[in-house]
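One chain, chain A, appears in both complexes that follow, with chain B as partner in the first and chain C in the second.
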Partner chain A sequence: MTMFDHSRDVTAGSERRSFGDIVPHERFLSADACQALITRALGLATGGGSTTLQLDSSWTGNLRWARNQVSTAGDVRDNVLQVWRNVRGAEGQSASNQIDDMHMQTMLRRAERLVQLHHEYPESLFQHTFIEPYSRPAIWSDATYNLDAPARATGMRALVKPAEAAGVSSAGYVQVSAHGASTMDAERVWYYPYTLAQYSVTVRDSDGTGSGWAGVDYNDWTKINAAELSAIALDKCQRSRNPVAIEPGRYTTILEPQAVCDFIKILFTPSTLDREGAEYGDPQSLNESRYSRGDPQSVYNQSRGMSKLGQRLLDERLTVSSDPMDPELGFPPFLGWRVFHPVTWFKDGVLQELAYSRAYAVKKLSKDTGGLPATGSFRMSVRGPMVSVEQMIADTRRGLLVTRFAGISQPLDLVSMTITGYTRDGLWLIENGKIAKPVKNFRFTDSPLFALNNIEQIGVPKRVFRPDAPDRLPDGYAPVIVPALKVRDFNFTSLSDAV
Partner chain B sequence: MTSRRTFLQHSALAVAGMQAGLSRWPGPWSARASREFPWTPAEPGTAEHFANADLVRALATRALDAAKSAGATYADVRVTRTLSDSYANSLPQGEWEMLGVGVRALVNGYWGFAASPYWDLDEAARLAQDAVSQAKTHAFGTSRTVSWDPIPVATGSWSTPIKYDPFTIPIEEKMAFGSAWQSLATQFDRRVSAGIGMTFERQERTVATTDGAYVSQTLYSTGGRFTMALRPNRGDLSRNATVDAHKLLNTGAGWELFLEANLPEQFPAMVAEAEERIRGYPTKPGDIGRYDLVLDAGTMAALVDTTFGVATQLDRALGYEANASGTSYLGPHPEMYLGSAVASPVVNVTADRSMRRGLATVQWDDEGVTPVAFPLVKNGTLVDYQTTREQAAWLASWYHKNGTPVQSHGCAGADSALSVTMQHRPNIVLEPSRDTTRFEDLVAGTKRGLAIIGGSVETNLTGSEGGIFHMRRCREIIDGKLGQDVSGLVPIFNSRDLWKHVVALGGAASAEQYPSSERKGEPEQRTAHSVRAVPAKVTNVACINPLRGAAI
Partner chain C sequence: MERISQWSRSAAVALTCSLACLAPLTLAAQTPDASLAVMDTTIQPGQVDFSRYDTPSACAQTAAIAADVARRADVDTAIYDPDHDTVSSNAVDIARRCGAKFTPANVAQRELLSLVHLSLLAGHDDVARAAADRWASLVTDPNEKGWAMYSTVAAYVSAHPSRFVEAERVVARMDSMGTAAIAPRINAHSLLLVDAGQRFDVPRIEREAVATLKIDGLLAGEERNDVLYGAGNALFDILWAELYRDPQHAVASVMQLAHSAGYRWATDTMTVKNYLTTIVTPIGHPPPGFTPKFWFGAHGTESWPVPGKVTMLLPEPSPGISGYRMYAIIRRLHKKYGDALNMTVMARTEGYIHDSSPLTPAQEADSLRSYYHDFLKLPVTVGVEEMPFQRLPDGRRVNTATAMDQIQLYGFGPLLVDQSGNLVILGERSQAALEAFIDKALHNSTVSSAK
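After this line comes the complex of A and B, so read on.
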């Protein structure tokens, strides 16, 4: 299988290392290297019990430019290796980015010291791992892996020229990376390689009154049309110059897919989708707002002990799902021993599933499964007619067109999931079916739950830019596909004055 | 292995020891710890031995030689070892150890960078060659030059001044300390339960440059949280409140931070505050309008940090972060703002990387520059920006006009060797007034206004042009006295406007220091710094009610 052959190193010749059997001349660690790692760890562990390793080994190549010239270009490798030792239920862990014997010993000793300080739980219930097969999404791209420094430079040279010619300033970023994610113990080695690619560019005019942005991320670099994105950003910069201030208030608003993602993603993070959190709040938490009213503070909570499963919470045209095998939206099929399954969170607006752990499955659902973990990644699909953004504009008597949001806050109110943030890189007033003029950015205060129940028109789902996401996994990767949405009465609460 | 019975006995001793008198800590306790909790510094000793100064110097030398051979006009290398550890409710969460080597090379005005986790001589050479190759390959677009003046060649070593290295304090001692506090809280008041967290970080960082600089520093960051939850009636989940203790915020300190926090002394005030929160504050809805605001030191720290702390970064001002963390309202042409009024004449803002216990406090930055505290805003006038060696040259005409030297302010850094060096926020200071004004005095001098307590700031991050306040408490001020709490109001501001309406500041005794962090760069880096500020009075601030959607 070619995707597992990482012995060729494009950036430099291979050189012998003094690392025993593990030779990191590849840009990241291969399946064989992981097998060797666990074998050595098992040999070095003391005190009995089980040993588990979790590794994310990565290579990242990047190119950054601003003011139409390269500012920095780099090549970085790293590992995140976590070690768990478990002796009859007493567990300890340690972590490092080193893979040689001496550091492996160090990590094992540190973990074993913590084992000594914990209780033992001989009951088998404490066997928290549940081993099930994982799927094999096609998330490796040779094109991404081969986008070395000369290839990045050649591509970007062409992209900066149009901005220069137009007398504006382009700032952008290309990043490609390859990862080997692995979970290992005495019985098995799980290993999955994948690549990530991202491109984003901001074009600003020299007086700072106009700004345009475009960006996207994929596993496969060839799916990114950098020239098209750069042209969009340049066009938006020119069309957003000299914005005028208009009154804040509630507007019919067309949100481009990027803005939709920025705004609604909080509804689908692993912690928001957590079933136990939706039913009970977090019993361990000393967070005042969770307890102060007696009811759990969660957008998916109905009452203490009951979530909103089965209720229609969104517009009935919307279905939200995630599937590692999704050809447009694949992500690694496991993290640790948790395997990701295809899940439909919302079907036709009705909440179908919330995420839960194995412990919850066994205790509360009497199911012997590995649980239903969430990643933060989701696809929003549409039942019914889908229209282009151009059509939405033509159908709008008076409204606003938003490119993206930024500065999204922590929820102001957990039950309604009201959040605040502001528009950025392009906001236009629409009048009588046409874009009338660029307007100054607004701060908004609204809830995605309300907005997703006030939809007039829906676009075709598109992949957006979400290269790393907090409250996400693995390693910040939680891709999203969403359509553009035309929303009634979106609440813009004040002028932002930012460009 | 220590049996659990022995451990519990010692915990009881710990509690007794605390009650007997905190002044005996830490000396006698640490001595007792090493006798009664046999702690073998097992294999960490081996990792310590690996990360020795000779190996670091060999790596640095190899990297710089390789960079020069490959054609770099300048290069620097960082070698870092970062240890971090945390405790949640007295249980250790597992120690992390991350090593790195990062090489930055300059070739004909273009930068290249390469880094990897392996402290290996051949790898160091490969990184240097790769960094040079990156710089050469990406030399396109408008040509650029990097010109900077020579700086004194820095050599030596330095460490954050701490008393106890947390990584030498036995695990059992930290655990016993934490659980002792938790037990003491419940003994103090049976309605209370307490949670405690501790985080520790130690980074050993060596920077070497082709100019001959060679500096090694050990930087510490320690912090925690002690949260008391009061539930007056065990069965009634709806009536409860949580209060955090003071003096545990992240700072550049060691284990002594927890010893000095004197938690038992804080218990009475914490319980009283929790009871007050459960009773609730008499609150009335606020009317939208313009108010004079009196803001406490914490709120002003957030304000100065997110406005001037962000906007005076020269790379942001010039558009180098436009695709990432944003721009600056003091840009895109700094020369338009330098020398002009950006705040009222009582406002002075300083950048200070020598702040006591500052999270960004160092002896040298990552280019070997010794940072000296410098004013950003002087008597309301913008006089400087945060700079690195390359960036200082971009303000050369301003410095020449003022007769000040063209030199870096020492703001170069990165979160570890695996991230490229760039300009990061230093510690920021909102200088106090020369008198003895306190928060209460600012309130007393206000006829009608609002007092903002425990506030934080959300700016419009693209340029920090403006933003809003979030507040823990907002109380009306009538005729110099604090009145009822007011709900529903959100003060919004435009940065330029707000700072010009600062009319009074607290004195030195009212200053408080807070931790902060910054995310910038591509790939994103996160670094820490501290902010020191005083309470202030600001006039004529617009307050809206976002749920009613009103604008002013």
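After this line comes the complex of A and C, so read on.
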């Protein structure tokens, strides 16, 4: 992987290196092209005011297979461009994935027409976008960018072969992508290139009773050991055949890292971490409408107008943070003009920070900052001894081992953050320190806050598969690092027919 | 003025939405498509093919948008001046050219109200009247006919300028329907009351308010609850009008008019009388407690209230001085009265202004001065109180109410103080009413205490 300073801030006027020399741009737009784009947009805009562009220029290569055969393979190149025109405080927005002059002009005219139809709020002209420096995480990988279609196909054949030999069916998906994320106006161009790679595979036996899954995502394809993941999925498939039904109820449960992520990620989404929501009932709230609903809507709300900041909510061995510069977690350092900062949400189980906007920083905290936005990306660190999943199993008299969860949607209750879903792709009963047998899947109903206070043993934090946050970052990317956990009294409420 | 928050917030939401609101990735060619013509969709004469507009409602909507856009070009048209406001020539042109093919006889019944609107925009009042009359004639059910006529009254009153004489003609016909259309009638009189209020035409206010209260007396049960707000507003309109006529006997006059109209109070008479008395009690006395630490005179440093001048006090934040409607009134009043009228914004420090950095009280006070004097260019004196505050353990700033906050009357909106420093009126936000009270205050050295 090439390590380079691959960001550019035109405002700073100190472009450190030319992107053109380092990042191959034949499949997505370069910083120079973005500069040209905003120049063209400014030239085509009519009626005065200001123009802001936000662009995700990307190349994506993918390969999907099912029943051990390729079903889809493709290359996608796209430019998702949004335009904002603001004239005298009235704003219009338009979006397109075409960036030629003709479409740019059409987009600008559409935005300008919307400007005419919107209310003018000249007060907004009294304000200025708050600009702050952003970090430069190393999230570009040449290996990811160079994984072309032949390489993906060759790799797939090797990955499928063991499943074929075992007489089972493999279905998987490989995706690599490269992006140029940019925010631009007449004053400055922010540009940041990065790559993403993901691999996931499911193996099913021929009679459909056994299923195994494994997957992960990284910026760098070389960090993904696809052969090992395929072997794990195959092994889980073979060991999960012919599951037996056992009684639902509260079990000591070992959650593999993917299951932990599936279960607890909702605690760290931007909406859950929103500080104003957590201060439900604040009579001097900046956002009154939020409080007109009548009931608290945040798991981090303590009492009327007060959040749970400063309280210990998790096991004291756990610390939760997010940092775009985290070498294992890195993510794009800005979205729009919002800059992502390193932040420790929980320190030794104590809630340290909640997310807030610049308006909140200035008005409520008297801080001259751009705010503290959340991304949905997080690392859960551990203080104290860490054990392997194998050791957890050996230390368990009777319990369950969960590969992952599925079917988790909206919380049943936002205050306790009770959620429901079901196990999939491998669930085993543990007896006397050993895996005794595969068991049929369960539906669970529990709160991550309960589980994170019932921890018996903690594993080594690992990067998991989490490309599924479509509303967070470009391309739905919010990486997560979590450990496996052994928790007491996990609440399984019924049997599930899932496989 | 609500400082900042909602506008900056909407911008933040727009940016937050940014990529999240995008369509899923698609394979996109970058080759320009020569077959795609760039459409200029600006609504201007000559650029829109009106042959595609085959209903009066389509034409009326187009002309109305053009009128709104044109009105926004001049900030002082933010307030509706019922006697003088007209629609832009562009909108009139659109209404005439687009609507030329329509007559009351050749459009469907459901389009007749739109034809009324369109004709009023075009200045073709005779066509509007014919369309309104035809619509009323086609509706046979008395209650439905009443609502149809009410809709035409609404069209007349909301036209620019308002056609209240024609509206009164329709309302007179509605009144002749008696109890058959009570709800439409009370709503129609409420519209006429609003129109009279915008002109501060005291005799008309009294007439329409009493008519509203009389019809209210005919309503019963749930039906009364549905339209009660109209009658409630009428009481306040009468109170303001009576304060202008004779502040000393304003409350008694309101009670007498309501009694003569047969109005049924929701509570006992004495409670209502006491409530109204509470509202008017400060009138005739100096306004209480405003102790600014910082003063920025519109024309050099001045103390407040200015002896020998009529003063309009504008408590900030809203509803005292809120948005461009009030700014337009301030500019117009200054144009009319010049230095004879002092207008003072009563502001407080809150630790920020418009998302700017946290500020010291002196910096914030100067930013407020800059906002009102340099940015909005309002001819106002700015007085700034220092807001006490405390911090919660989690770092949040919590403002403590100032003396000004604790005085309920400032919550009503603008206050007018006469040359002797006594309150003349509070909470009135109609330009015509303010002018009437200012004229009166300029000619009277004092106003007697109201009881």
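Brief remarks on what is shown
Assume the second predicted complex is superposed on the first by the 446 of 499 C-alpha atoms of A that agree within 3 Å, B and C clash if a C-alpha of one lies under 4 Å from a C-alpha of the other, contacts with A are read in each partner's own complex, and residues count from 1 in each chain.
Quick note on the criterion: a residue touches a chain if its C-beta (ideal position, glycine included) is under 8 Å from a C-beta of that chain, and two chains touch if they have at least 3 such contacts.
Every value quoted in this text rests on a predicted model; they were computed, and no experiment measured them.
Contacts of A:D56 after superposition: chain C is touched, whereas chain B is not reached.
After overlaying the two complexes on the shared chain, residue contacts for A:G92 are found with chain B alone; chain C is out of touch. Within the superposed three-chain model, A:G172 lies in touch with chain B and out of touch with chain C [touch as defined at top]. Contact with both chain B and chain C is seen for A:Q116 once the two complexes are overlaid on the shared chain. In the superposition on chain A, contact of A:Y280 is made with neither chain B nor chain C. In the superposition on chain A, A:N68 contacts chain B only, with no contact to chain C. In the superposed model, A:G249 makes contact with chain B only, not with chain C. Of the two partner chains placed by the overlay, chain B and chain C both lie in contact with A:T106. When both complexes are overlaid on chain A, the residue A:D78 reaches chain B and chain C alike.
Within the superposed three-chain arrangement, the count of touched residues of chain A is higher for B, of the candidates chain B and chain C. Overlap of the chain B and chain C interfaces on chain A: residues 60, 74, 76-79, 82, 93, 95, 97-98, 102-103, 105-106, 109-110, 113, 116-117, 286-287. Contact residues of chain A toward chain C in the complex are 54, 56, 58, 60, 74, 76-80, 82, 84, 89, 91, 93, 95, 97-103, 105-106, 109-110, 112-113, 116-117, 120-127, 130, 279, 282, 284, 286-287, 306-307, 309-310, 335-338, 357-359, 362-368, 470-475. Only residues 1, 4-5, 7-12, 14-16, 18-23, 25-28, 30-34, 36, 38-43, 65, 69, 72, 75, 324, 350-352, 354-358, 371, 375, 392-399 of chain C touch chain A when the two sit together in their complex.
Interface of chain B with chain A (complex): residues 1-2, 42-44, 46-47, 50, 91-100, 102, 110-118, 120, 122-123, 126, 129-131, 133-135, 137-144, 171-172, 175, 193, 195, 227, 229, 237-238, 240-242, 277, 318-324, 326-327, 329, 331-332, 418-420, 422, 458-463, 465-466, 468, 492, 494, 522-524, 544, 546-547, 549, 551. The residues of chain A lying in touch with chain B in their complex are 11-12, 15-19, 24, 60, 62-79, 82, 92-98, 102-103, 105-111, 113-114, 116-118, 149-150, 152-153, 156-157, 160, 164, 169, 171-173, 175, 200-202, 204, 206-208, 211, 213, 247-250, 286-288, 291-294, 406-407, 409, 420, 422, 424, 441, 443, 445, 468, 491, 493-499.
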